[in-house]
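Sharing a structure below in structure tokens format, with a few things to ask.
Chains here go by letter, A, B, C, D, E, F, G and H, matching the order in which they are written, and residues are numbered from 1 within each.
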């Protein structure tokens, strides 16, 4: 399945957003996800299924002033 | 005829705005007039007739920074 | 006997500088004395005898910045 | 004859201070001379004779603030 | 060498704008204009005073001087537009200084309403000079809205405290594509010179001239200071140094 | 109205003193004097340069301008006296600017030696203008020692940083019975104007003129600024206010 | 005596806000928080770095410290709202520092967009702390739009130049009904103390701590300075005097 | 890490010196010392007041605090020596703060007499701390005369105007081989912090503490500020920048 993660094309076998986050090496706890411009709540990460062509944003907190 | 000049009630016999300005002691050249919120051009002061209850603003230039 | 204490004439029966200080209401511990422009050490206050016409300065510490 | 001009040894045939100044390429008008720590007045430049070993200072005006 | 200030379609030789407020007598105005060489002067607009003297301030201003009516008294963009239209109908030309002020203690202009007023008046063909609180982003917005120049304040109007907002004005000057005229708070000739040295295109001085003991002499002083600061800016002044640098030779006298 | 600066027995119309140091070419000097109207200019004295060009700096200075030789290079009062006598023998007249400096980094004058030199030179009939670190007590001592004027520095020489010592200079001006000439550190016309507005009797500017791209134009700029500041001082400028004070009527437009 | 800073529904004992940007190592953060006693700290939000280290910054911040995510990177109110919602979904709570910046040189916030963002986010239940260019009218508008505090800048972010906008901030403090937190440009403890002495409710310091040789020691220094300035403000400091006023008896010693 | 101030043969942990002048009640003094941690405090000497209360000020000062009697009232070096000897005979130890003042309006110390007094008192075995007008050459002379520290003033005594002489003090600090203690004019904690950030070794604060509403609280505020400034100095604060430098990543949020 092909997705667009943070603007780049990614091919994946993951079926949920939570799996995708883990497969990229992040802890789902530390990442916020948007699927097709809608924010996914933490408690829904495991239940949100991916579809071909989904546009996904994954962001996390970094240092800032 | 009763008019409202700069917010105050004024009784007058004048029939034009130009006459009104002169009757108040001003030179029509130095005053700008609004009748019922519409500005009266200088060249129309003589031709603008007054009607009962007109709301008239008369302003002029003063010192300012 | 007449002395000059801090510029003012004073009549006294005291025979030593220590007695004079006490008689004026001060503790000898808290006052520094000059007799005829010579400083009297603390330990000599009791032994320094007064003579007619001595010029005495008595100073103490006060608030200052 | 050997002189010391501005701290440096100079051999010269000049017999007056005025000649010395000219021989060094300066106009006597623009230079002030000291011979053995005494200032030579302008009018005495021509009449001041040099002697072996004289210590001479020649100064002039330069830019300054 | 020619060094003109251009605003709208007019070229000005003088970079000192003056004002007509606060004079003890209107008779000072022609002398101030003459001594200062100022070519643009502000006026305000108010309801006629039916019970006072009716002296026409415009009679004190030579025809060669550009009038810059202001919108003082406006509390909103809408009111500023109304005042501007009345001023234009009064024959004062197309120049307008926008003032929209709601804060009656420090008299700081409201930039948001001022941007709106600038857009509306530029669309109606005015040459718009907005008076503003010195905020670089707002200056950009005024420029985009059609301002012919921007007029950031140096310190609160009439306070004579000089360029308290200097660092903001410096950024505005650097970013601006239209002339920057420092207005308000310029109380001394040195303030005016400093603004010009920083690269301001002009300054507006009213209170410090009008309330001085001799307005014409003070106007001339400001005029000299503006020329001094402008000339220095054009020559690009030497840099400030952390240490000293001798102006005479550094050697000991007989070393 | 006449407003002269009097030093020694001479009256000066100009309150801008200039210097001859640091010019890229001596040819700038006559232009600087002409454009600035300066009537007094400093020179230094050094051993002749036997291997360089021998251009006589005095030829660049018109006879009508008063020469003010300085004692730069002096490390003590004694040396200052020697230099002063040489300068007088050179036909420069009786004016002398005392400089005694031991600190070779910030070039701050040594006030204690300067007081001594002032006393010695005043007794020898010189018109003495001592350059000083701005200390009010030292200024009093210089005056008592016979100084014809005092010359406190604004900031380290050549630094162009302006009046960093402003508050000390203000006290010196208030206390002084002889003219106060602010010397050193004046890098911009606004600095010169500010000194004059504070009541300084004159300023001396050298580096900022000599090292600018166009010395004659910069000299003129400083001259304008000095006149601006002086005029403002004479008019007694209006006070600074804590709040704003409207220059247009404060009422809403149609209130 | 208790002297709390209240923002939203939270009471803070510390009036020093810190930030997480620019540290050479995240390991400094817990020490900085401990030494400074800071109870609120900013973080930013960015796309995950798929190729870098994945260290979770939140792990360096104790639970007792309130997180203040910022909307850095936003060029418009709309983008700021999107970032704020992502931050809240990330479990950071309801506090949000709005930053909307279009000027990439001086990084001055855009007040007009910031007012819009404040209104939108306040309506969505955020505790909104807008970072702003210090314009008193804009501060009023932010307050009316629902800001829980306003954060005017002292000088350009990261410049360490202190309170260049002091006089505008003074007016904002006087007019404001919500806490005023001076943000940006505070480079030295004396700057922080001065802000607090003027009546600011808090300051935010990031660059000066994070880029110092010993961030924890510098954080402690700022914390001391904030307390010093706050205490002095609460005691209402004595006034500045034009002349001197002796601290010892003024008489001569034996008069 | 230990960071002591050493004067004479004594090590001080605190870099805040206090004074005993101007308190509404002497009962404040012990609290001020306790809250500030100050370890050295000034006192003055005067003829006993035969008609007033005879409270011994020394009873309000713990034995662990070093007494620093001043020579206030002295108009010459000779008088200063006499006062110093009386103070020593009074059991106050060898420390002496020299004050020689002739100017009764601005109370500026007379540096020339102060140098003389310093030499005389150092030869008599005193630990001499001269109060001075900030002149770098005079500071050098004081050091050579045997001063154990130098005490340049920030602004006229009691004026609370802060470091008006900052640039002169900066040079004195750079050149000095003995501790530099900024005395006089420090009216706010931010002034004290600034002096310490510049590298001053200590500050003396009297008026601002003694005349505040709550002297003990104000003393604590100054103590915090001194520590803040000292710590920052030791960490070498980051430099000031001409432009901005982002503390959050500079990219747009989703770039």
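Heads up, the rule we're going with is that a contact is a pair of C-beta atoms (placed from the backbone, for glycine too) under 8 Å apart; a residue touches a chain by one contact, two chains touch by 3 or more.
From a predicted model like this one, the values you see are computed outputs, not experimental measurements.
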Each chain counted as touching subunit D and subunit G at once: E
C-H or A-H - the one linked by more C-beta pairs in contact: C-H
Distance from the mean Cα position of subunit G to that of subunit C, given in whole angstrom: 62
Subunit E-subunit H separation of Cα centroids, rounded to whole Å: 46
Where subunit D and subunit H are represented by their mean Cα positions, the distance between them in whole Å: 56
Sites on subunit H at which at least two other chains make contact: 19, 21-22, 42, 44-47, 70, 72, 105-106, 108, 156-158, 161, 206-207, 210, 246-249, 254
Residues of subunit D touching at least two other chains: 6, 57, 62-65
Interchain contacts, given as pairs of chains that touch: A-G, A-H, B-E, B-F, C-G, C-H, D-E, D-F, E-F, E-G, F-H, G-H
Residues of subunit A touching subunit H in the complex: 6-7, 57, 62-65
Contact set on subunit G toward subunit E in their complex: 102-103, 105-106, 108-112, 115, 133, 135-138, 140-141, 155-156, 161, 164-168, 171, 175
Complex contacts: residues of subunit E adjacent to subunit B: 19-23, 26, 42-48, 50, 54, 56-58, 69-70, 72, 85-87, 89-92, 157-158, 204, 206-207
For the subunit G and subunit C complex, residues of the former touching the latter: 246-249, 254
Contacting residues of subunit F [partner subunit E, same complex]: 19, 21-22, 42, 44-47, 70-75, 79, 82-83, 99, 104-108, 156-161, 187-194, 197, 206-208, 210-214, 217-218, 220-225, 227-229, 231-232, 234-255
